[in-house]
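In order of appearance the chains are A, B, C, D and E, and numbering begins at 1 in each one.
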Amino acid sequence: MSALGWVLPALPMAAGGLLALGGRRADRPAPAVAVAVAAVTTALAVAAAVLRPSVRAPMLAGLPVGMAVDGLSAVLVVTVAAVALAVLVFAAGEMPPSGRFFGLMLVFAAAMLVTVTATDLLLLLMAWEVMGAMSYALIGFWWHESARVRAADTAFLTTRTGDLGLYLAAGAAFAGAGTLSLDGLEGAAGAWPHVVAVGLLAAALGKSAQLPFSFWLSRAMAGPSPVSALLHSATMVAAGAYLLLRTQPLLAATGWAAPVAAWTGAVTALLLGAVALAQTDLKQLLAASTSAQLGFMVLAAGTGAVAGGTAHLVAHAAVKSLLFLVAGAWLAALGTKDLNGLHGAARRYPFVGAMFTAGALSLAGMPPLALWVTKDTVLAAALRTSWPLYAVGLAAAVLAAVYAAKAMLIVWLPATGDAPARSVSPLEKVPLPPLALAAAGLGLVGVFWTPWHRLVGGPSEPPPELRGLAASAVLVLMTFSWAVRRYVRGSLRPAVMTGPRWASSAAADWLHLERAVSAVLVRPVLALAAALARFDDRVVDGAVRAVAATTLRAVSPAARRVEAGLDGAVHAVSAAGLRTAAFSVRRAEDPLASVVRGVGAAARRLGRLARRPQTGQVHIYYFQAVVLLFALAVVLVLLR
Amino acid sequence: MDVVAFWVLAAGAVAGGIAVFAVDSMARATFALLVSFLCVGAELLLVDLPYLGLLVVLMMIMEMLVMAVFMVMYMMNPAGLMPMAMVHNRRGAAAVSAAVFAALAAGVFLTPWPPRRGAPAGDTTFALGEAVMGPKMAVMMLVGVAILATMISSVVLATRRGRYDRYGDRLDARRPADPGRGAP
Amino acid sequence: MLNLVIFLPLAASLLLLALPRLGARAAGVLWIATTALDLLLVLGLWATHDGGMDHQTRLRWIPSVNASYHVGVDGLSLPLLALTALLFLVCAVYSPGRGRGFAALFLFLQSVCLGLFSALDLLLFFVFFDLSIVGMYFVIAGWGHGDRLRSALKFFLYTFLGSLALLLGFIGLYLGAEPHTFDIVELTAEPPLADSPGAAALVLLAVGIGLAVKTPTVPVHTWLPPAHTDAPAAGSAILAGILLKMGVYGMLRIAMPMLPDAWRRYAGVILVIGLVSAVYGALVALAQENVKRMIAYTSVSHMGYIVLGLGAAGMAGNAAAHRLAVSGGITQMVSHGLLTGALFLLAGVFHDRAGTYDMGRYGGIARGAPVFAALTAIAAFGSFGLPGLSGFIAEFQIFTGTIGADGAATAVAGALALPGVLLTAALFLRMLHRTMLGGPGPDTGGITDLRAAETTAIVPLLALSLLIGVAPRFLLDVIEPASAAIVSLVSR
Amino acid sequence: MTLQAFLLTASALFAVGLYGALSQQSIVMVMMGLELMVNAIVLAGAAFWYHVTPDAADGQVLVLVAITVMALEMAMGFAVVTASFRAGEVDMTEGAEDLKG
Amino acid sequence: MMRENPADLLPELLILGSAVCGLVAGLWLPRHRQRIVAAVCAAGLAGALAATALAARGPRMTTFDSFELDTTTHAVRAVVVVSALLVLGLAGPLRGHPRESELYVLVLLASLGAVVMAAASDLLVLMTAYLLASIPGYALAGFAKDARGTEAALKYFLMGALLGIVMLTGMTMLYGAGRGTAYPVLAGGLAAAPQGVVAAGTVALLAGLLFKAGAVPAQYWVPDVTEGAPPVVAAFVTTVPKLGGLAAAFRLASEVLVHTSVGWRALVAVLAAATMTLGNLAAFGQDNVRRLLAYSTISQAGYLLVPVAVAGRSDLAEPALLFYLAAYAVTQLGAFAVVIARGSDDLADYTGLARRSPWLALSLVVCLLGLIGTPPTAVFVGKLLVFGSALDGGHAWLAVVMAVNTVASVFYYLRWIVPLYRTGHAVPWTPRHAASALAVTAAVLSLVLGIAGGAVFAL
């Protein structure tokens, strides 16, 4: 029983690790091994969903880690494993055999499995960050292209910025409750729950590409298509939504966190929907839609619709992995993901096109497909909370219909270019039908709402209302048909975006988020770093050198004066000598020169000064010794 | 009487001292120094120290003789045939010594010197002998060693030719190989 | 057994010196064999460790000042002894054919480091502390590159001045104790200067300056970058991996238990110094163009976290959090030793192959040297605290312990330190991007992949880091009693 | 014939001797200055004995030691001058300034 | 009851006896067999060492009314004897010299003077011991009879004569004020005496002792003599007389001055600070290793004056002084042994020494690091004790000055150390074996003293 709990994540993790580090030897068997491992993992996930294993292990002092599969986790482990399997099968067809790629994918999925089963913040954070690192490695898979590496950097650093919240949350949870367990965070003492909520929100919003973090998702498209398919569906971005759904009681308990989450989700859904509409690149469109769809899940977490949000998560995972795989297949086959270049793609590959259509329709919220139902459960919960929230959500749903229609229509438009370069391999096709089926059929949760709700848990939540369903169905159908008409009739420009110019350019550029972050955060930090580095060299280290130099300089005039006094008594110091001395003192007091010359030179100069009394002439020694002794005697006699 | 003698001798001693550096030949300086010492030796007689006084006088006469020989041997201008003024930093030296004298004189008169305790023994020379054979024996033993050391040291420094120069490296020459007669 | 552990390398060092005709190869073999044996002995110590102060030896040394040769092992020193033994073995493996002198010097330095971490007498501690400076000076001045003499001199003067402050502080402790003694155990049992806070503060200042220079913390860290830049790779690894730990170790072993009142009173200051070091070090590192300078500044940052945690442990409040912070600090010492040691050994490859550490001259190394790139990436990820590697375990404890230590103030300090992790991540990604990934640079062609010796040396470090990152209990079981003891001593 | 009178005389002798030691170029003359200083000591030592502690012979021994010092230092002085004269024809302090810095 | 048992002075008598025997034997020995005199002298020294070891077990007492038999005396006896033995060993370059026998004899006589200075508890004994310790030194400095040697002898002599007379002046003042010359008498007498005289007398008296110690303001002879005299003599005069002078200063401070109300502590402390600073600064940029060592020895004198400044106020002062003296003597002689073995004073000639003669280089490193005060060398322990005594005696500022000076000293010592390990120019030369062996011996001794200092303290 407990073995199952360990094996479920450990198998893909270990297999992935070996493949990734195995070097060239691992390349050839990698696809097969990865698919096999993913299949076994899927089986294990199903088993775990049924058997509900729970494991614990000691980790830090008084802070054990544990994994457990409850209802929510059960749904997610199956989803993650199944989507991962589908994506890997597809990748086996599309990608060249690479141990690194398949290994990283497995680790990526395994980290997500740990994330959704972890019972405490420590393990959650570990898996969470490993997932982030894997996303970096996968987005930057083609590392020899600097742009892709930069994209990976951006993605990782952005999500890690959010991740800092988890550290904060962990610290606060420990401070408030003495434990890191995810259950009962809301029971922490004092103001700590609020701090925990801040941290969790930051982490989740970052991971789920909600505003204001959304831009990283755009950059994440630089990775291979299977990576996008996995990253945008069941792993990574889903983790943020999952975390909020998991900690919904805490969000609710703080009083402010739930509305913040809800509004952030709703606004993201709306604005990123607009962004999706403005994209001219299929993968960018899908990416923006991911962000928007995740907005619904976050909205769900904020409004207490745990079951609905989870349903939406699962359904969206199926839809989005399907769409990305198809986009990847076309990209591989046609060499483009630009919407202009994809005209007629569905006509050339009808089977794939059909699958894409199923996904797009589901994404549009077409009844009776899955997202129609799941989105509506979320919207229903929003309506129960506040009507403006509902209104925004509904608007976002409408936008979803428009961009989905756009994507779908473009691929069905007549082809303009040459014949396809490459066919889509069978392995690439195999995972598509099951995903399409899920994308279409998961709406059944609306029918079996009560068992679903019981499975997932969460606060009481009515089944989706017919009225709401109907309303949204009508709205979506109307919009969809309007959009279709408009696209078919209108200029065939893919980036159809009405509205003022600034708005359309903002939407096309993902609301200028990246530029804003770069201007407000990244460049100032880099400038600060550069300034501090200079400061460190010139001031901090300079101060050390200067202290040394100043000490020496402070001593040397004194020594000079003593010596000059002696000399003056012994010889008449010539005017020329004085001028030379004055000149050299002035030189010595020029700070820059002295620092540049360094302490060593100053020391040497001082050494010469200290040796000046050592003239070699006995009578001067005599004189100095007698004068000094006499002075000492006088002082000692007088100062008693 | 004593007081007069004292002041006369004191004046003589100081004057002799000053003369040492005022006269223009080394030979005269030597005799000025001798005068100064003789006056001090005589002063000692005034305070019941006949033995030490005589010792000073005898020592100084001997020493001045040695010095005279020395000058004859090595020094330029031994008999003051040429006037000499070999000084440096005269003003500085004068200032310092004047300051020292002023300070010492001030100390002499400002200090409440401890009162006299006891009286001289009948025979001060005997008392000295007792002290030297008693509590100060170590001093005299060491003086002996120091004299030995000085003898060796001065021989090492001052003589050019040693036993190996005179009797060969194996010390087997019958007769010393001396350039002149007896000169070391 | 402990004495054998400490002096075995020294004996081997003398043996090497006494065999002038020994070739570089044979010297290398002797070096590796000695360090390997020493590591085995340390593992023996680990196996027989029972939680308290083990393997004590106490011999009269300078009885007139109550100084003795007193050594022992507890949960604080054991991990560091193991780290020392491992890292020196790794350096031996990494540097074949460096010759007799190099091997002898490293063996000497190993004895010094082992001695320091087991010293239970302030004077003995100081002796080893100073000798480490001398040894490292010769490593840099003798086998470094670039402006090595200048860097070595700066290192020597700076740390030597620090050590003298430390010595004055030690004498202060000695004079403050009644009866006067240098014995750490006795001084810990009855903290000196308990009733004269002013003197205790001065002594803490002196000791603190000495240790801060060695750690190093901002603003007394500027000796570190040039020293690292111009040191040979193995020297850098030891300097960063072992020598820097001496400062923090001194705080844990001496400053905290012996001056608990002063430590508590000035915990806020220490906290802020740690915080500033952590963030400032990371920021400055971000702007570096030289790989080694960059890693050096990250060391400042990493050590800053430890100081942060130790400062937090001096605040009033939650003892469990204090223990966590201190455990985290000790774990960070081990982790930083492994990861930064590995990073410096890897950075040495740049200079070895192409003669420069300038990031701008590289790029796309991963193509020609995949193993080099992969290991560097792993070490870099570990260094910025990726879970699964040891850095995370350490930093998580420090952050959690600090945030939870004492209400809002430490929580804010902990929260303010968090961006340091992000900055570190950014700078390492930048480093990877500019050297390993992307298109080739002018000097990329010269970089050949790791040799067997190099790989053999570096992999164990990373493997151990991974082990600690995944299953840290074996380490924490040793550390936690020690940190609990320290926390209870500080809160007296 | 008070103690002060003796000491004043001794001070004067001392100062004169010091002047000589500081101002003379010829080494022999410097030595004469030193001898005058010893002379002062002899006088002061005897005066202290007579005026302060005539019951103990310490002062007498002091005078004896002073005379010894004078004799031995002078003997060494002549030896040094001889050696110096032979080695470099130097009998002036100014001549000896190769060693410096 | 006064004690006048010559057996109490057995070590001194053995030194004197062997010197006399050596002198006499030298008169009859062929020129190239004068080494036998060294053997005779060494035997006498060894006997003295053994006698000292025996005597050290005895109780503290005063003999001949002016000769203290206490820890200071025993320790200085032992250190002086060992130093003299090392110096005898270093005299190799002068073998076959027509005055070789006299060299050994003079070394012994000067050593005897140093020992008596340390033991004297009577001003007059101190004065005669000063003479005994100085006069052979003058002769030794001019031993080579070359221009530089005689110049060194001249300067040494003139400084010594003047400061000796100043010292005698100080003694006269103290005698007049304190009604006696023996320390016990003075201890009582000076307390009631006019303090102005005491103050002036103290300064004047210290002048001679500072001359022996080579400290400000009587340090002028040190560099010139160290450079001009034969190396072995330089080694001797920068160590042995220093031992006597400092021990005498310490005895004077702790037995006499503590009873006065004069500000002598501040005086000595200021002199210590000035001495160490001057010595260190002057050593910067010095390219002649003997001058470098000379200035370093001045700075060491400064450190050594610190325990004198806190004499009677800290229990650590005496062990600090004695241990530092022992450590310093061994280390300094070790460094000089390397100079003699290398046979060159030019810093540049030490480039690449490690390649040619690794043990010699290592010895030099140990000795120079020792002079810095790096553990585990003996000077470190000494320095530690000095630090401790300064802090304990309430002169914390002096400890800080000393620490800063120590760091500054690193500059010039490292200037000598670093080139050793560089590849050097290939001017062929052969190390002198005896001196090399002694260098190694001294280095080892320095380490042993540092590591097993406890054994020394057990005495």
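Going forward, a residue touches a chain if its C-beta (ideal position, glycine included) is under 8 Å from a C-beta of that chain, and two chains touch if they have at least 3 such contacts.
Note that the structure is a prediction, hence the values are computed from the model and not measured.
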Chain A and chain B share contacts with D, E
A correct list of chains touching both chain B and chain E reads A, D
Where the centre of all protein Cα atoms falls, which chain's Cα centre is nearest to that point? C
Which chain's centre, taken as the mean of its Cα atoms, is farthest from the centre of chain C? B
Distance between chain centroids, defined by C-alpha means - chain C, chain D (Å): 65
With centres defined as the mean C-alpha position, give me the chain B-chain D separation in Å. 7
Please compute the C-alpha centroid of chain A, do the same for chain D, then give the distance between them in whole Å. 91
For chain D paired with chain E, centre-to-centre distance based on mean C-alpha positions, whole Å: 26
Per-residue overlap in chain E, given as positions that touch at least 2 other chains: 124, 128, 131, 135, 138-139, 142, 145, 153-155, 158, 162, 176, 179, 182, 196, 200, 223-224, 411
Would you pick out the residues of chain D that each touch at least 2 other chains? 14, 18, 21-23, 25, 52-53, 56, 58, 61, 65, 68, 72, 76, 79-81, 83, 86, 93-94, 96-101
Multi-chain contact residues (two or more partners), chain A: 611, 614, 616, 618-619, 622-623, 626, 633, 637
Chain pairs that touch, all of them, please. A-B, A-C, A-D, A-E, B-D, B-E, C-E, D-E
Within their complex, state which residues of chain E touch chain A. 154-155, 158-159, 162-163, 166, 195-196, 199-200, 202-204, 207, 216-218, 220-221, 223-224, 261-264, 267, 271, 277-278, 281-286, 408, 411-412
If you look only at chain B, which of its residues touch chain D in the complex? 2-3, 6-7, 10, 13-14, 17-18, 20-21, 26, 29-30, 33, 36-37, 40, 43-44, 46-49, 52, 55-56, 59, 63, 66-67, 70-71, 74-76, 84, 86-90, 92-94, 96-98, 100-101, 104-105, 108-109, 113-121, 124, 127-128, 130-132, 136, 139, 143, 146-147, 150, 153-158, 160
Residue numbers of chain B touching chain A in their complex, please. 88-89, 92-93, 95-96, 99-100, 103, 107
Residue ranges of chain B touching chain E (in the complex, touch as defined): 107, 110-114, 117, 134-139, 142-143, 145-146, 148-150, 152-157, 160, 162-165, 169-171
Can you tell me which positions in chain E touch chain D when the two form their complex? 124, 127-128, 131, 135, 138-139, 142, 145-155, 157-158, 161-162, 164-165, 168-169, 171-172, 175-176, 179-182, 185, 223-225, 227-228, 291
